[in-house]
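In what comes next, subunit A is part of two complexes: it sits with subunit B in the first one and with subunit C in the second one.
This part shows the complex of A and B:
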């Protein structure tokens, strides 16, 4: 068990190393002048003209061989210096740390209720295989799955913001921002809802919730299909097992057999897919955050990627890889607890 | 045959197939449905009726109205069908080829080669897909080819894994041993005897991916690194609508047509692929048979 976990964790540095090499190679495909922007302390170097640019390229060694530059670059990162993000106008690590609570707020609210809903829908569909609840659920999830996130998000904005004015975009209203940044308000976690509750400020809490509802609905609906689908398939398979038939033959009520005997076992494959889904949510809220102008990791990653802010891209990439590996490991570790038949290798 | 009969008898997949057929017809007859005008350099350049920013509602001149910059929405929806097919099928076909080659090499030769190839796939899997594609497109520049390269680069791993595990399963079967004992070469074994049996799992994956690749491509357009200004591409036209979604205070739905038509086009296109893919998965998964 422990050796297995250790072996998996040892893979992490390998993945991170390969990832850094990949991102560095992408970065090196730009010309030295373009890459200079990442090093230049201000735009002043442009004023100096060609000569000054040449000197700066010389100074930072941007014409050195690939491996030499990579060594210098990775050396900095190993010392914990992820670099400066032009997009966020602060160090990459600080930007990631300050945006992480915002994204987590969204993920927690969208993922766990969505997971429960998907499990419920999936088992309904499985129980009523090929009858109308199954068809309806299937239609509902497939429609959500086919919606481009941003089209659904724009529709949400159209209805709930411009028409009804219930759920505005952003993270907080202007008055709430003033409140949150004031001296009397302590930032415990950086997550607005939690901090508001801890400060006993219900007005700010409701305001934060109001901004979260639309992106949460969007995320849930667009992402619910895959888990529902796995749950349904797994339920179908379990319901066909001998022990389920035995339980029914003993005269157990259908509901008890379906909900207590079958559903518990059918949940197993869901753990794997849910772990993956959670990982992708933690790194993949790019579109949702962009549409709702919600300042989180996804929006930051998208902005820095399209403006080729490489230090930020690398920082985000490393963060995502760690999340992915750790969550997959967690699922693997939890699995034997759910299913005693699974012996950890 | 069983598969085709199922697809045609299931109402959902039948609907999906009909939708796909409709899109194919639209793509084929695009020059008839929305004839390009003489001065256009490429039929994919959407004609514009001026340079005014504010969208104009549907009229006789522009069936679906015009979006920001007076680009004709009807024209873009029609020609955008071709763009969607190009991106969806192109990206999936190339990804399948790469994935199959990698998966087949890894499974058939095993050992250190397997280890290396699969670790490479792991690393690509640990990359946030959309962000990676965004970076690559930003480096390569605007246009449909950079988008396809970017989506392929980060989209082949699933096929490699499926093909690998299928081959590992099939390789040990008696008929493969029989063929080998007749002296069939490795290449012949893989291409003629093993890969055809790994066809269906790949087909399911590929069908599902076609819709999602079109979604990803349009997401890139939406994030601003997609196709050139005015290129007939649904994602880009939805991106234009973003600035007009709020309408005016007394009339929030004033510019509905800027989102409704391109949005419906991409939604139906993806829906069609998902319906067919979902039904395919059902019919090919033994766990679903009563």
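This part shows the complex of A and C:
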């Protein structure tokens, strides 16, 4: 098991290197002037004339050979310098580090309760196959699947913010921002809920929660649909297995067979899809973050890409590659816990 | 039971909604939501309008524009506006002109230097000082002096980063050198400022410094010859905002020495110490810049030299999604939102929302012609021949082609249906409010007969017979630009079905690549708009120079053919006007240039851009100045409690 994990970890730098080369090659297909837009995102710099543009291209070494530019970039990365993001107005590493807690706060609240709910719903649907709980759950998941995040998010805002004024967009109310930025408040993690609790400030905690509820519900509803359906299908297949029938024939209680024997085995495909969902969420939730004005990695990635902010795009690409590889590894490590037969193969 | 429940729920929702709308949220705090970003708080670095929102409010300048006026000024850090009458503008015998600015006394910067018992200086917020501490302020450390003014102007020019700050260099050298680099290269006899010797750099500094002289509490700026836009440039936030020399030096900025300025020349944004901190004398100080949340908080400066602002705080946030901004406005969480034009009428009818519409801008929109074009691997010109499947690279060199295009556009349709009657047709580079604009100057109109007449003359009649196909470009998201090109496309088709115009939207960076930094432009036709930065049409940043000078902004990217036309026909008049001091003599020349832009159909001028604001109805005091492109000066803004 340990060897397996180490082998997967050793693959990480290789994957990252290949990915960095690919992303860098893509951006090098643009002309130096196009890449210059990354350093001067506003057209206003054109007013400086041809000379200003030439100077800027020289200044940033945008005419240097590919390997020289790549070497410069990768050398900086090895020193922990991912470059400067014009989009974030700060170093890429600092931007990723400051946005990560915000996205994680959202992901943790939306993913894990959502996962448990999806497993429960999927199990219920499988167990009550073609009966009304199954029909209801299928309807629920089909709606969630077919509802675009954008539409569902806007509906949430219209009802719970515009009409009820319960769950506002953003991460904090203005009064809470003033509180959080005051001298007496310490930012331990960057996650507002955790920091508020650590500071013993319940008012800020509740305010942060108020801002999280609508995006969390949106994410949960839209994302649990796929996991629920996979769980249901997997549960149905498992319930038809011989060992389940044998257990029932031996006189084991139905509930024990369904929950302890069948469900555990049905979780294997769920682990795979849940790992992918989690990676996707940790890569940033562009639409949810944009609609709910929630400053996170998704908004940052989208803005960087549309502004041709290459250092940010490259840095984010690397971050996402790490997330994917690490989560894949975790999923692989979880398999043997769910199914001991995997360990012996 | 169910009915009662539903009724209660409905009533509850209604009450909550009305409560949400009725109460004033965040009293004393002005929440400003847009989709832009501020690049830096360094006045010597910035060049774009969004960044001016920060600098404008945390720094002061020697002069301010008088309300909405673009050619009239009021004192700010200078206690008087220099004029010939008050003797503060002097025309010297050698042809040079001196402008003297008496510097206001007892003005403090947001942070001041306090001398400790060990003799070390520590910087503290002026507003937070006790009376004892105020008496310990080290003279000149956070107190405005004439030396600070001199330092600020020198720093802006020597930093050489912002083309707006470079305008001061051009002013001080009377257009001899557009940038400090040109000056240093000339003096040093090198082709790159990096190769200039320390001696030549020092020589440049000495020459520059000798033109800005401090005498007591007065600063005198001497420029070699008349430069009519001088006061206008001094009132702009870019470059002309005053920083504290001692503080700037203490945080790692230029120390003011003539031997060290090159070290601070064109810094990276991240290496500029004034990028995300400030110490100005403006009515607000920078309390917080949360780059993660894209939120800037400005706090009222109680020690402001004039009456403190009415607002306690201003929060500027970037919220990219319009629907979210809109809901925040409706709920009262936002006091201002940047809104798309198509929602104005609906917003104007919304309770609690105020729309101020039809504000002028010195900004003509147009379709720009380029010639000659890059013929190599250029899909925009199709076959590259006049064979009906493309255009030749010099297509727009033919004046009849340009005139034919101009008569094929339906300007009235655009004004009425796309711009909803909120603005007027542009007559040329000079829009309303700019010298040279005349209401009765000729403009193009949709005229298929004249279009046909000109197209039949073009290319000796061949164009009419074979037709053409070309691609026009517009920036992603510019819906009005797409509409203008679509109306033109239909007009051309109606004139001759063989005339085919394709429209392509591209990101800004890709448009730049088609237009700039290449031997020849690749785009034949592009929707754009450029506006001047002071009211005078001449000089480096004037409307006429931008469009009609061979070395101007538009000339710079429109191709050698365009530049040749400008050099031959327009430049003599531009030079003649700029050399004159008397506005009465200059105005007819600019009016003539405006007419010539019609005669030569140099650009298809479409409409004058316009501005509007969308705020909560308890917000008052906005002053729209079109030369600062409507940048928000938060000082006069008030927010009433409902």
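Methods note: the second predicted complex is superposed on the first by the 321 of 345 C-alpha atoms of A that agree within 3 Å, B and C clash if a C-alpha of one lies under 4 Å from a C-alpha of the other, contacts with A are read in each partner's own complex, and residues count from 1 in each chain.
The criterion applied here is as follows: contacts are C-beta pairs under 8 Å (C-beta built on N, C-alpha and C of every residue); 3 or more make two chains touch, one makes a residue touch a chain.
Bear in mind that the values here come from a model prediction, so they are computed numbers and not experimental data.
A.B. asks: Is A:113 contacted by the first partner subunit B, the second partner subunit C, both or neither?
C.D. replies: Touch status of A:113: no partner.
A.B. asks: Using the superposition on chain A described above, determine whether A:295 touches subunit B (first), subunit C (second), both, or neither.
C.D. replies: After superposition on chain A, A:295 lies in contact with subunit C alone.
A.B. asks: Considering only the touch criterion stated at the top, classify A:75 as touching first (subunit B), second (subunit C), both, or neither.
C.D. replies: In the superposition, A:75 contacts neither subunit B nor subunit C.
A.B. asks: When the two structures are overlaid on chain A, which partner does A:54 contact: first (subunit B), second (subunit C), both, or neither?
C.D. replies: Touch status of A:54: second partner only.
A.B. asks: Once chain A of both complexes is superposed, is A:19 in touch with subunit B (first), subunit C (second), both, or neither?
C.D. replies: Touch partner of A:19: subunit B, not subunit C.
A.B. asks: Tell me which partner A:142 touches in the superposition: subunit B (first), subunit C (second), both or neither.
C.D. replies: In the superposed model, A:142 contacts subunit B only, not subunit C.
A.B. asks: Is A:168 in contact with subunit B, with subunit C, with both, or with neither (first, second, both, neither)?
C.D. replies: second
A.B. asks: In the overlay, answer first, second, both or neither for which of subunit B and subunit C A:313 touches.
C.D. replies: In the superposition, A:313 contacts subunit B only.
A.B. asks: For subunit A, which residues lie in the overlap of the subunit B contacts and the subunit C contacts?
C.D. replies: Touching subunit B in the first complex and subunit C in the second, residues 30, 154, 157-158, 161-163, 290-291, 306, 308 of subunit A appear in both lists.
A.B. asks: Can you name the residues of subunit C that touch subunit A in the complex?
C.D. replies: Its residues touching subunit A are 13, 16-17, 19-20, 25-26, 29, 31, 37, 39, 47-50, 163, 166, 178-179, 181, 266, 268-270, 275-276, 287-288, 290-295, 297, 315, 319-321, 323-324, 327-328, 330-331, 333, 507-510, 512-513, 516-518, 530, 541, 551, 553, 556-557.
A.B. asks: Across the complex, what residues on subunit B touch subunit A?
C.D. replies: Residue positions touching the partner: 12, 119-120, 122-123, 125-132, 134-136, 138-139, 211, 215, 218-219, 222-225, 235, 238, 241-242, 245-247, 252-253, 256, 259, 263, 266-267, 270-271, 274-275, 278, 285, 287-288, 290.
A.B. asks: For the complex, give me every residue of subunit A touching subunit B.
C.D. replies: My answer: residues 11, 14-15, 18-19, 22-23, 26, 29-30, 129, 135, 138-139, 142-143, 145-151, 154-155, 157-158, 161-163, 229, 233, 236-237, 283-284, 286-287, 290-291, 301-302, 305-308, 313, 316-317, 320-321, 324-325.
A.B. asks: With touch defined as at the start, can you tell me which subunit A residues reach subunit C in the complex?
C.D. replies: Its residues touching subunit C are 30-34, 36-38, 41-55, 57, 59, 84, 86-91, 95, 98-99, 102, 154, 157-158, 161-165, 168-169, 171, 173-175, 177, 181, 290-293, 295, 299, 303, 306, 308.
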